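Common to both upcoming complexes is chain A, partnered first by chain B, then by chain C.
Coming up: the complex of A and B.
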């Protein structure tokens, strides 16, 4: 079901002109070369004729960007959440320190007393001596020490910038230590300078997990409807909320990559019948490789938003072609929707027609539009931090994406059918029948097809562009990350973090949708914004008069000062 | 919670576990924000800048601006000169700072980029507007810690900006160290009470504790101005608060402009604050006003009122070296027993000085530089403590060991807000610390003690 959106109150031509003018004003402050480059990344949307966006291209030096690095994408995002393997950062202390528990991939211990390695930051704490003479010796020693102290199932090593430069062979060290210690030890060449953003790190991590973990345990879970949830990171308990609704339907999740997941779960991920993909950007590689090697088909799902959750559940049921499952899914949807309705209606009444802008990640800037649509809010602008063209324009453009020098440096592993374990889950006939019935595999159509005509699409938005957007388009709320949050809020606009959820959540499935609606309602209507301008700034200086003199009438208040900008709650803040 | 940590200590020479430090560039970025109208610039991969901005933002809950050279694989091979050149043009055109403070990262240090040469070329090409400045500090992440980075950038302010005109100004420099804006504000307030003019740099008050007014200013009113830092060369003296974070800049100023240095400890607790007041009084030749005497008296009154609950309590302290030294002194003043005292940074002065402070009261204390939280936790497992003081990461240890009363102190504090607005320095700061310690003890007692031991009055 397409998200329900209130039409823009102005004529389409005027909206197009206004959108174009906004972009022009954003670009005006830039030096010519910067403006030319940015112009490719700022577009006026047309869902009928999707324009080509510049994405996954270099960040311009000196621009205040939201983006992080390849190390962050690899260690922090895709592998980091695996809680029962030991993670060692090879490099100076900073990178290991900053990726320590900062991403909110919540973990529930499987058994009392289990070690949750996410609570530990381990690093070779590389010093000048290793920079000069090489760090392999220290890395080897660090792995031994880690093994002696913790006896983990597996050890994963992450390279930081200087490692690549000084030429440490982390993979050779990993192989040696695997031999010596008798446990799985593997390494990632995820130096921060690779690629143009975190995205390269996701790809490197996908490759490593596929090579070193997937397929190591052939005994799968016994379940009638057995799937993996890929690209779900359990921020604020999202994966748990999804799992709960899936369990109600009778659908079993073998592995969630990567949120509250164990090594063994990842190792047997190839035993399922269907891969469902939440964050397309960070994990589509894995879905593709598992399909090629093991014959597991994949579909795009989205459990962010009530309508989106319903649609995704129906899609999974359709794949399994089971009446039992379809009936159960309908029951669960009906129950979830009924429970959600009072909250959704109440919040919609207060928030309908308000405007949101989302700039985050490689998936959330799209998926969260569904939650806003659920409560009648319109997305006037959106963009990803590190996504590629396919995440904007849909996978149909994949063959036309030019591979540039930065992407070419990221390994593309060749995957072939497993001679023994390749097992297509559907026959060509079944697949054809499904497709003819309207079912589609690998079907991500991107953000832009679902956004309104004339909405702004801005890739890798800069600080300056956010400021201009607020000034010119007055969004009622912006979804972004920690670096922007307080800048935006200083301007009197509430900002919801969609990386950390401002330490709230879960926001997935029906339960999470209710949380999100209520949180947005709170942010839009909190009283704090009303107090920003004190009474003495609203009225001109008065003559000295007693504060209270019952014999005299109160002096007449002067007219309020001109309005500066709309307040989040919809009322204006007088200047 | 931290189930992999056991009491048995196996020697480690290579593996750092749960660090009590981070890397140089974040300290340099923080120091740069203490210059008015400054854009900190991180010369390296953009991830460094993102990590540092995120961490600082989480600690201060206020906008933290900084730009990056956004290195790619190409820049790592060919050098980051073109990146910095382009960055400077963009920064001055778009963000219009008065000054850009460049710090390096491990990547640009390994490549060996020569920042002054790159900046000179950019300036020759007209990319640095007239009247604007670019300063830099080398801050390789593989040397020292975030405190070193702070010290290096503060030293760079002196080397680039401070000047001696020959005419001594009636003012005293104060180099505050890696403390919170609330602490810097308190240092200035105390000087104001004494009626002493000070030049405090770097100064992040009114930069990272800005009010909600509905208006965002990229360069808020706070920060030491370039003129103020320039004038530091004409001051009567420099008070360097802390050996690790502040002394190097004071020495540089002494070398460059012959301004004498007084090395003090951070004014945390009674006597260290006395020393701060005394130093200001003596250099400026002023009388200490009654208001300060009263403030001090109120602190002592609280200590004497609550002393029975503090006496002899075993305390574990971790954090940055200047902070930990000063806090250890204060804990001794409170009759407490700091039994485990560590810092993640390196420097023999730490062990020597803490040893001196604890010689009488806790002769068998374990004191360690270049240590980590994993080891501290192991010590606690071997013999417990009554109180743990340190940054937010300590809460995992506190919980793992049956909810040890835990007081957040230092950097970073990611899960509470009061450090932003209430100082830990000065007599007021000491009052706040006593308050927090007492609360931590009594909150635990009131929640966990057997019913018959819950008291109405304490």
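Coming up: the complex of A and C.
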């Protein structure tokens, strides 16, 4: 780890000024117009008076973003993990190739011999001919062959950028094939350029799941406490860890959208009594639509962090108003917490007071703050990659969010009560009583309400801003994704990937929390960091001698790192 | 059912489904190759003219192989730019990139989107430069890389050509040699530089991402990682005595070497990827000719040790069966080498489709017979279908073959790109006698490991 410097105690006003100064320095590198736009996305937090953030706006061309595209959000994130749908990307080869098993959304076959189509990346691999004369014919052919080879229950088609422009009608092809093959075939117009980020793809995917899957199977699972887990993608086995703790409590999950889930599970998702929402950003549309159409209420939960897990379990139990469930939940919490305590205490002793910064996704930058809080670490800066204002400021601001050209691009489907299946799970009186008792439905208050005053909030952070953050605020660890990871680590700061988990996980529920604490502990304290002196350490006023354990051999880089001369890649001077 | 089989006469013949869709592609997309080349030029930032998704995907793929950061800017098309053209996004993007990175060069590649809408890049460049050019403005070059007509390797070669075409300057002939190595590893690039240095030859190695994509930790923040072919060296490529380009598929490709030959009369010598004995011999012969000097003793010794090792190991590998897959030139080089060791390449497969794979393989392996199948334009699902009856002892290629190796229960020897399930893909040495030695030891040891683990006796001497 970087040598420690005890920070001088800072007065609150000074902290605010310092935060402001950090932002100013980040903005300085941009041309005036860009800086003005960017300034709306860089804020100093105040949980009492939450400032408005310019989230979900287009990344300015030429600014290095971590954001992906609409296609990635639809095919890669929301629909991709449904394991027995055959997924076909309609487009040139790259888009399909790059979304081939890259997200680590794990699946295990239910029965020996079950097909897991996730290992296939099927693409129509468009060629010039299709670009010029249209690709519908090739798509049709690809669907027929896929059906002949695999006989899947359903086939899903995803459009990439060129498709929208050559005017292929993927929906018409899907309808035609559905008729011809007798299985469910549906398509998504999720061309990459359609939205600001992958977030648009989530919305398009939610609509599709709602239109083409949910409600097709009316026979639900027999369970007393039956819920869906929405916005959980089973990265590194997260959904399994949550499922395990829920099962211990006696709570049954019909469908996890979307992690290790089958087509049939999605089709009967409307038979549950409660929707619980993990990642609000990617799936709140579906929760809303299911409530309107089927009368299923939804609540926000978070199983990232031990305290958060306990709180979420209690909330589910409170919803069902069952003494049996409440008692069981308390037992499971007590058991989980007791098992966790030695790890948590040991790690807290080493990590307390250290500073984290999180820049990731549309929910993890918030939910993972809970894990850091569990071990006494403070989040000094956080931001999402593709979230909207409600994920920062809370759902209260929803009515005030302006609809721009990009959001208008995405279909808003009108949902009405299902004449047969609508069945409000709670009477208005029950709902009212619950609310009066402190229970809240659809209650996402956003990231900023839970962050400290004067913490930095940075939406869609760029590399340049990360560099400034490291230089000026010295976080001890940054959570981000693969595109930043190696930049951050080259500067001597550990970076935990929160998209792929650096191939670790699970991090949810009590079991996962222990994993995370230990990993953060190891990352912070591994000796390799002693070989790198972060650049800000070398500034004259900070020429503190690194503190080494005298028993350890003196690491190489204790001496100031030599100024590096790049080797010429072929010599420069004409001979 | 519209699935026809490749070979319908003999029942035992390995066969695969001819599918319309590509199932698990054995190729990546064109701009990826271009971006890698551009990051192998000093102070250059790659810039994709299209939507941001392609740039994000390509970055994540390159990063997972190299474990190094790579910034690729984009003009971030919106629906509006997709319909009306991306000229204004381009302009804004380029100025923002220049302001943030202060690059020596902005290198633009198109994507399927900008190609589909038929962006007139010449006009866009012209308009941009007319308005924004000033003394000291970074170089600006461009390459057309639609993925619907080519693979990553085509993007790679096209980008090398674009850089040379834009930057090479004419002048008096020098002793300089241009080296166009193709898409090889960072370790390969370092080795080539060492070889050229040992011959005392001045050179332009293009691209050279041996530092920029396999660098050290930073003592200062590096907006663009240092290293790469100096732009001055590309200028000087126009006065070189000759070009050496690796890759037999380039025979039909408008390559950088060919450009220099046509424009500046610089003789272009095309070699195979120097993998294994004979293809490496050809490289050293070419360097002897260019330098007028004999091969340094160090390399003769390496060659001697390699031959000795082939003898030591032949009993373990003789008649072993291998599936080789990847880019066509890599497959050709590997097959040539495997055959030298006594290993039988039972399938040479590539997702590329230059139309030259079979001819190239026959050039390096005149003795090829029906035991070796050759398929271009193939995908992993088809390779897997063929593999069932080919009974390979191992497969050799990139990480994407892992599922197949697992299914067959045979080792996967990781070479090429992408390698995202092991560390150090960028440090795998393929080229030269030294590279062949490393590959050989890896292959033999993997086979010995199988023998040892599967033996009931548990040999401790092998």
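In the analysis below, the second predicted complex is superposed on the first by the 522 of 575 C-alpha atoms of A that agree within 3 Å, B and C clash if a C-alpha of one lies under 4 Å from a C-alpha of the other, contacts with A are read in each partner's own complex, and residues count from 1 in each chain.
Note that a residue touches a chain if its C-beta (ideal position, glycine included) is under 8 Å from a C-beta of that chain, and two chains touch if they have at least 3 such contacts.
If you're wondering where the values come from, they're calculated on a predicted model, not measured in any experiment.
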item	value
Room on chain A for both chain B and chain C (clash or fit)	clash
Touched partner set for A:394, first chain B, second chain C, both or neither	neither
Touched partner set for A:80, first chain B, second chain C, both or neither	neither
First, second, both or neither for A:114, with chain B first and chain C second	first
First, second, both or neither for A:130, with chain B first and chain C second	both
Touched partner set for A:138, first chain B, second chain C, both or neither	both
Touching partner for A:60 - first (chain B), second (chain C), both, neither	both
Chain B/chain C common contact set on chain A	29-31, 34, 58-72, 88, 91-98, 100, 102, 119-128, 130-131, 138, 141-142, 145-146, 148-149, 160-162, 164-166, 191-194, 405-406, 409, 463-464, 467, 482-483, 485-487, 489-492, 532-533, 564, 573
Touching residues on chain A, where the partner in the complex is chain B	29-31, 33-34, 58-72, 88, 91-98, 100, 102, 109, 113-117, 119-128, 130-131, 138-139, 141-142, 145-146, 148-150, 160-162, 164-166, 191-198, 405-406, 409, 463-464, 467, 481-483, 485-487, 489-492, 528-529, 532-533, 564-565, 573
Of chain B, residues touching chain A in the complex	1-4, 6, 10, 12-19, 21-23, 25-26, 41, 44-48, 50-55, 57-58, 61-76, 83-84, 86-91, 93-95, 105-107, 110-111, 140-143, 145, 210, 212-217, 374, 393, 396
Partner chain A, residues of chain C touching it in the complex	1-3, 17, 19-25, 27-32, 40, 42, 47, 50-54, 56-61, 63-64, 67-69, 71, 73-83, 89-90, 92-97, 99-100, 111-113, 115-117, 146-149, 151, 171, 174-176, 179, 189, 193, 202-206, 208, 210-211, 215-223, 226-230, 232-233, 235-236, 239, 381, 403
Complex contact set, residues of chain A against chain C	29-31, 34, 58-72, 88, 91-100, 102, 119-128, 130-131, 138, 141-142, 144-146, 148-149, 160-162, 164-166, 191-194, 405-406, 409, 462-464, 467, 471, 482-487, 489-492, 531-533, 535, 538, 561-564, 566-575
